[in-house]
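Next up, some structures in C-alpha cells.
The following pair of complexes shares a single chain, subunit A, combined with subunit B in the former and subunit C in the latter.
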Partner chain A sequence: MNFFWKIVLFFVAIRYGFFEVVFPRVSQWAVNSPDLLPAPAAAMSMYTWLMMVAIAIYILSSEERIADFMTPIHQFLKPQTAAAKKGMQIVVLAAIPLFGGWSYFDVNSPKMVSPTAVRIQHPTMPGSFEGMKNPLRDPTEEQVEEFIAEQKELAEEAAEDEEMEPVTVPNNIEDGRIALVSKWTEEGAALYAVNCRPCHGMQADGVGPMAVGWRLQPANFRDPGTIATIVEEYAFWRVSKGGPGLPSASTPWDSAMPIWDLDLSENERWKILLGEYFLAGVGPRQTEKLE
Partner chain B sequence: MIPLHSLEKNGLQKYQLWLSLFLLLLFTCVGLLNAQTAEKLPATAENLVAGKQIYRNSCWYCHGKIGDGNGPAADFLDPRPRDFTAGMYKIRTTKTGELPTDEDLFRIISKGIPGTAMPRWELTLDDNERWQVLQYIKAFAYEFSDPEYDPYKAVVEIPPKVESSPESIAQGRKIFEKNKCFECHGLEGKGDGRDGLEDGWGFPVRVRNLTRGTNIKGGKNPEDIVYRFTTGINGTPMPSFAKNIGGEDRWHLANYIASIASTEYSEGVILKAVKIEQTAPSTIDAEIWETLPALRIPLAGQVIAKPRWQNHAIDLVQVRAVFNDEEISFLVEWDDPFQDTKHDAEQEIHEYENTYVMAVDEVPRERNVFRDSIAMQFPVKLKSGAKKPHFFRGDTSNPVNLWVWKSDLEASGNNPVEDTNANGFNKPLKSQPETGQQVTGKGVWKNGRWRVVMKRTLTTEDRNDIQFEKGKMIPMAFNAWDGSNGEHGLIMSLSAWSFVYLDVPIPTNLYGYAFLIMLIIAGLLLLFIRYSRSKSS
Partner chain C sequence: MFLSGIVFLGGVFSVFGAGAQEIVDYRTFFGFDPRTTVWIIAELHLMFGAFVLGVPMFAVTVEYVGVLTGEERYDRLAKDFTRLLSASFALTAALGGLLTFALFTLYPKVMTFMSGIFHESFYIYAFFFFGETFVLYFYYYSWDRLKNRKGIHISAGILLNLIGLIIMGISNSWATYMMSPSGIDPETMKFTGTLMDAIWNPLWNPLNLHRILGNAVFGGYVAGAYAAVKFLTAQTEEDRAHYDWMGYVGNFIAIVSLLFLPFAGYYLGREVYSFSPVMGNNMMGGAFSWTFIIQAIGIGSLLILGNFYLWMGMGRIPGAERYQGFIKFILFILTLSFAIWLTPHNLPLSSGEQLRMGGQYHPTLKFFGLMPAKNAVINFMILGTFFSFLLYRRGNISKTIPFSQQGGGAKFWTLIFTGLAFASILWYGEYLWNLDPKELDLPPEKVEFFSLAAWCLIGQAFFIAVAVAFTFKDQGKIGQAILFTYTVINTVFILGIYGFVVMAEASPFLRNIAVAQWLSMLSCIIAVLTIDIFIFRKAEHMGAIRWGKMSAVSQYVLLTLFIVSLLTMGIMGFIRSGLRENWHVYGVLEDTSDWAFTPTNLYAAKVIAFCALTFILMMTVAFWLSELGEKKKVK
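Showing the complex of A and B:
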C-alpha cells in the first residue's frame, strides 16, 4: 500500500471506525445507557478538522512526504486513453463535487431525531445518607431475645393447633439472630411484592407488568451493574428520594422511580432492601475499609 | 429510532451480549450432540421439598403460603392470583371443567400470563425448578391425586392445522358471527358486548379485548387460540365451543382471531405532524386522518404516587396530528369497551389506606359513576437539550400544560376540552381562566373505541400554554381514565414522554446553496487537474 492510501485509511478508520462505530458503543457500555451514545456533533466536527490539520502538517513538513502523497494523485489525473480507465476517472471526479453538495444538503436539512442524553446511572449521593447502615442486618441482643420469646409462644400454640406449621425455636442468640434476619427478609420481600414488583418485577429483573409504560426502564436488580455495585445506604437514598431526587445529569424527568419516603416508614424501606437483595440473589457492595 | 424499552428489557449489557452469544453457540453445539428436552420431574418427596422452597421464595407473595390465592399482594390485583386449593385452572388443553395437564401447567408457569401479575418464570427458574414447584402446587388440590379426574383422559382433540390465509380468515369471521362471539366480545372484538360479568370466584371480570395480542393470556398464535374456545376458560364466563365448532372450522376461527389480535405499540417515540394547506380538521371523520402516520404509545397504571393503581384499563393510545399555518389538530384513539359519560364527584375517593388501591371494594368499578377522559400533556416551555419537566405532571420549576377532554362535558354539549396546568403530581390540575380556554374538541365512541379530536392555534398569547414551533421535538405525554374501571383523579393510566414533530419542508434555497457548493468544488477540482497535468507533462 502506498503512502496516499495509508493516509486515507488512517483518516477513515478514525473518523468513521472510531467515532461512529466504536465510540458510541463504548460510551453506551460505560454509562450503562439503553441507547447508543453518538459523540456530540460539535465535538465531532472539531475533531475532524483537527485531524485534517494534523495530517496536513504531517505531510507538508517534509518534501518527500509531499511527493509521496501527491504522486498517486497526479498519476490518477493524467489524461487517459483506455475507455475503462477514462470512465473510472470521470466517475471519481464527478463524485467529489456531488458528495460535497450532498453533504452540505444533508447537514442543513431539517431532521426528525429525538434528543438523546448521556445519563449517569449512579451520581454521587447526598452527604446526609453517607455512612448510614441497615439496622436490620444486625439486630441487637434485646431484639433477638424478644424474638426468641415470641417464637417460644408460637411453638406452644402450634403444638396445640394442627393447622399451624411447626415452629422452630432458636437455641441461642447466634441462631436467633440469623432466624430474625431471615424473618425480616421475608417480610421485606412481601413488601417488595406489593410495592416494587409492578415496575421492577417479582423476579427483580426490571420487567414488572408496569414497565412497558416507561421509556426509561426500571432497574434490573439482577444485573451486576445496579444494586450489586452500590453500597446499601446508596440504595436507601434511591428508594427514599426516587427519580425526582436525582441531579439533572441523571435525567430525573424520565425516571418513574417513586419517592418512597412519602409512603413507607424508614424501617419498611430498610426491610424492603433486605427483600430486594434477597430476590435479586446479590448483596450490596461493602464499604472499603481504610486501615 | 430504537425503542428504549425494548433494548433495556433484560438489562443486557454489551459484554453480556457477547458472552451470551458465545454461550449460545456453545450450548447449541452441546445441544445438538445431546438433543433432548428437560424431563418432567415426578412428585417425589425430594422434589416436593425443593418445590416448597421455590414456592416460598417466589410464589407465596401472591398465591399465599397455603396456596389459597391470598398472599400479601393479592388484594391489589385484578385478576386475583389463582387459588390452587380449588383445582380450577383457566389455560388448558382439556375439556371444560377438567384439570389441566402437567404440560399445560408447565407452559403457563414458564410463559406467565400476559396482561396480569403472573410472571414469566422461565426467565429465572430453570426447567427442573419449574417442574418441582409445579408438583408442589398440584399438591394443594386433592383432585390431582384422584385418578377419576385424570386430565390426560380429557384432552381435547384438534384436527390437523389449517394454515392462515385470507380465505381462512374470512371463513373464520363468519364462524365468529354465527356463534355469536360478538355478544360478549363485540363486533370488532374489543370486548364491548357485555358488562357486569362475574368470574367463578365472585370477582368482576371483563370480556377480553381480542385486538390486543399482547394481552391474550394463553398465547396469541392460532395454535394457542384454537384451544381457548374449544376448552373454554374455567372459572370465567368464556364458554367452551367444543360442541358447536368442529373440524377445520376451529382453525378458521383461530386464524381469524390471530389476525385481529394485532395492535401493538409503535417502535419509535416520535409522532410526525403533517403540514396541510386546507383547514385543520375538527372532527373524527375528516378523510385526511387515514392518510397520516400514527404513533401507538404504551401506557401503564399510575403507580408512582398514592393512590397507586395497577389495574388500569387503557394501556395503548394511538395519536395522529396535522397542522397548517395557524392551527394543529390531534386525533387520539383508544379502546374502551364502555362509554361512560356521567361523573359523580361525590363518589370520588380522596383517602386511601394502602400504598396501592385495592382491586375490589375500594373504588366503584361500575358504570355511570365516573366519566371517561383523556389528557394530552406538553411542557409549558421547551428546554434545550434533553431537559424536560417530569413526565408525571411536571415539577415545581417546570410546569406542564394539559388538555383534558371529558366525556361528560362532551355529552352535555359544552366544549369538552379543559385547558389546564400542573406543576407536580401532588397538586390538583389548575384550569386556566375562561379567556385562556383555547382548545376545542370533539369525541365519538363506537364499537368499543373512543376517537377524540383536539385542536388549537399553533401559538397563543398565553404564558401557560405550549407554543408549537415547527421543526422542534416537542415532548408529549398522555393521562387516561376509564370511568367504569373506577378511574378518576390519580387513579388512571399514563405514558412517559413521546415527541410530536411539526414537519418542516426543506427550505427551497437549500437546494440552491447545495448546487452552488457543488459548482465551487467542481471549479476548484478543474483548476487542480489543469495544474496537475501541466506539472506532469
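Showing the complex of A and C:
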C-alpha cells in the first residue's frame, strides 16, 4: 500500500473506526451506562479538524513525504487511455465537487434539530455574594458555650430518663466546636433530604427519585468538577437564587433549580451546604493564599 | 492648502470642542466608544512594547554568544535585531503618548483616581524612559565604534534590559493594581497605603514574570517573521542562508521561552484565584471560559507549529533522515495532548445530545476539561517539543567520543548542572514532605495527600542520578532514555492523574502538584540537555547544516507563528483586563459608563484582529524605513 492510501486509511480508521465505533463503547463501559456514549458533534468536529491539520503537518514536514503523497494523485490526474481508468477518473473528479456541494447543502439546509448551545460552566456571581463565609463552619465561642450548656442539660435529663439515649457532653471548647459543627451538619443533611434529595439524591450523586423527570440530570456533587471546584459562597448563591436568579449574561443556561431563599432561612441554606458537602464526600474550594 | 487645512481643523475643533468646560467622568472619542478606543491604542502600545522589551534580551545574548564563539554571524544577527528595535522604539513611545492622552481625556475620573495613588511613579517612569532612549540609541549607534570593546557594549545592552524591565514593572503595577488593589481600607474602601503598597499588589509579580517571558517569546517570533520575509525575498544564496539561520534562532529563542510560559501563566492564574475566587471562576469556568479555549488553541498551535518548523529544518541536516521515523510518534503525542488541552469541561451540546448523555457533561470527555488534565498534557507537549529539539541537535552527528574521554571540564559541568537539577528537585520534595496542611488552610488529616508527590520527586532525583551514572559509564544515551521515560510517567501519568484526586480532596494542594510536575519536567530538560551537550561534544559530523535549503512552507510557518503569538497575546490581554468586569479598579472604583459590560468574544476577536493587522502594517513600515538606511550604506 502506498503512502497516500496509508494516510487515507489512517484517517478513516480514526475518524470512523475509533470515534464512531470504539469510543462510544469504551465510554459506555467506563461509566457503566446503559446507552452508547458517542462524542458530541462539537468535539467530533474539533478532533476531526485537529487530526486533518496533524496529517497535513506530517506530510508537509518532509520533502520525501510530500512527494510520496502527491505521486499517486499526479498519476491519477494524468490523461488516461484505458477506458476503465478514464471512467474512474471522471467518476472521482465529478464526485469531489458533488460531495462539496452536498456537504454545503447538508450543513445549511433547514432541519428539525435542536440548536447547539455554548454553555458557561460557572455563571458570573453577583458581587454581593463574594467574600461571604459559611458562619456554621466556625461557630463563635458563645455559640459553643451555649451548645455545651444545652448538652449538659440534656445529659442530666438522660440520666434521669431511662428511655433517653445517653448524651455526650464535650469536655472543652474545641471538642464542643467539633460536636456543634457535626450537629449542624446532621441537621443540614436532614434539610437536604427534605428539599434537595428528590433531585440530587441521598448520596448527592445527582440520581434522586425525581432526577429522571428532568431533561437535564441534576448536578452530581460527587463529581470533582462540580461543587468541589467552587467556593462555598458560590454554592450559597446558587442554592439561594436558583435557575431564575442566573444573570442574563450567563444564558443559555438550563437549570430547574428553585429559588430557595423564598422557602428557607439563610441559616438553613448554610446548613444545607454543610450537609451537602458532607454527603458528597468533598469540600468546598478553599480560598488560596497569595504567594 | 495649509490655510484651508487650518480652517478645516478649526471647524472640527469648534464642533467637537463644544461642552469642553464640563466636568465629566467619561467622554467619547469623537462620538466613538471610548473603551474600544483605549483598548486599541493600549493593545498596539503593548504589542510594540513587548517587542521593544523582548528583543534586547536576546540581542545581548546573541552578541555575547558571538563574543564567546568568535563567529561574526552572531554579531550581525544581534545588530540586525537591534536595528529592528530602534525603528520600532519611536512608535512605541508615540503610542504611549497617545494612550496617555486617550486615558486622561476619555476616562478623567479613573485617571484622577489612579494619579492620586501613582502620581510619583509617573515621573519615575518618565525618568527611566529617558534612560531607555539614551541607552538604546547608544547601544545601536556605538555597535561599530565599540567593535573591539565588546565588554562596554554588552554592558550597555545589559543596562538597556534592566531599564526596560523597570519600565515594564512600573506600568505593570498600574494594570495589576486595577485588578487586585492593595492598601485599601476594607471599611471605607479608600486607599490608605503607600505607593509601594499599591505597586506591590498581589498580581504584580506574577504578571511581571509572565510578561518578561511573553516578551521574549514575542520578540523571537517577530524576528523569525522578519527573517522569513527576508528569506523569501532574498536574491543571493548568502542572504538566504543568513536569514534561514536568523529564522531558526528566532524560533529557537521563542520556543525556549515558551517552555516556561505556561507555568508562569499558571502562576498568574492561581494568584488571580487566590486574590478572588470569583474572578478566578469567571476566568476559567465563567464568562471568559470560552475565550480561554481560544487562547488554548493559540498556545497549542504555537507548540505544534514550532515542532513543524524543526522537523522541516531537519531536511537541511545531512543524516537527520535517520530520525524521521520518530516524527509520527511525537506528532501523535502532540496532537493527542492538544486535543485534550482544548477540550472544554462544558462542551457545546444540542438538546438531543444532552438527553443522550443525561446531563451537560460527557461522562468521559468531561475529565479533559479539568485543570489536572491540562497540567498533564501541557507538560507532555513541552517534553515532546524538547524531544524534537534533541533529534534536531543530533541530526548530523555520527561518531562520538566516549564521555570518559571528554576531559575534566565536561565531567565538572555535567555534575554542576545535573547537580543543580537534582538539588532543586530534592529541595521541593523535602518541602512537600514537611508541608504543614495548615499552610494551605487544610485540616491535618489531608497531609496524607502530600507524600505521593514527594515520593515522585525523590524518584525524579534518583533517576537524574541514574542518568548521570550511566553517562559516566559511557552509556549517556541510555541514561537519557531512562530519565526521559520516568519524567513522562511521573509528570503526565502519575501526578497528572493524581491531580484529579487532589482536586477533589485537597484542592489548594493542586498548585503544589503543578509545581512538582513543572520542576520534574524542567529538571529532566536540564539534565538530559547537559548530558546531550557533553556526550556529543567533538563528535564527527555527517556534513554541515545546509542553511538556506529550506522550503518556502517553513517560512510561512514562521509567519504563522508570529501571527498566532500576536493574536494569543491580544486574547490574553482581553481576558486579563476583562476580568475586572464592571470595575475600573476591582471592588473599589466602579465603571458607571455605558460601556460597563463584557464584550462578546466575537467583538473582542474583531478588535484584536484589527490591532494585529494594524501592528503588522506599522511594523512593516518601520522595518522598511530601517531598510532604507541600510541600503544607502551598502550603495
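Definition applied: the second predicted complex is superposed on the first by the 180 of 291 C-alpha atoms of A that agree within 3 Å, B and C clash if a C-alpha of one lies under 4 Å from a C-alpha of the other, contacts with A are read in each partner's own complex, and residues count from 1 in each chain.
In this section, a residue touches a chain if its C-beta (ideal position, glycine included) is under 8 Å from a C-beta of that chain, and two chains touch if they have at least 3 such contacts.
Note that this is a predicted model, so its numbers are computed, not measured.
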First, second, both or neither for A:Gln217, with subunit B first and subunit C second: both
Partner chain in contact with A:Gly225 - subunit B first, subunit C second, else both or neither: both
Partner chain in contact with A:Gly206 - subunit B first, subunit C second, else both or neither: both
First, second, both or neither for A:Ala149, with subunit B first and subunit C second: neither
Subunit B versus subunit C as contact partner of A:Thr116, first or second or both or neither: both
Which superposed partner A:Leu50 touches (first subunit B, second subunit C, both, neither): second
First, second, both or neither for A:Tyr58, with subunit B first and subunit C second: second
Contacts of A:Ala39 with subunit B and subunit C, given as first, second, both or neither: second
Residues on subunit A lying within both footprints (that of subunit B and that of subunit C): 35, 113-117, 206, 215-217, 219-220, 223, 225, 254
Touching residues on subunit A, where the partner in the complex is subunit C: 26-27, 30-31, 33, 35, 37-43, 46-47, 50-51, 53-54, 57-58, 60-64, 113-125, 127, 129-130, 206, 215-217, 219-220, 223-225, 228-231, 234, 249-250, 254, 282-283, 285-291
For the subunit C and subunit A complex, residues of the former touching the latter: 202, 206, 267, 270-271, 273-278, 281-282, 285-287, 289-290, 304, 308, 311-312, 314-315, 324, 327-328, 331-332, 334-335, 338-339, 342-367, 369-370, 439-442, 500, 503-505, 507-508, 511, 551, 553, 581, 587, 597-598
Residues of subunit B defined as touching subunit A within the complex: 1-2, 4-5, 7-11, 13-15, 57-58, 61-62, 71-73, 76, 115-117, 119, 121, 123-124, 265, 269-270, 272, 298-301, 303-306, 308, 310, 315, 354-356, 385-392, 395, 398, 471, 473, 493-499, 501, 503-504, 506, 510-511, 513-515, 517-519, 521-522, 525, 528-529, 532-533, 535-536
Contacting residues of subunit A [partner subunit B, same complex]: 25, 28-29, 32, 34-36, 73-74, 77-79, 93, 96-98, 100-102, 104-105, 108-110, 112-117, 189-191, 193-195, 197-199, 201-203, 205-207, 209-217, 219-220, 222-223, 225-226, 243-244, 248, 251-254, 256, 258-259, 262-264, 279
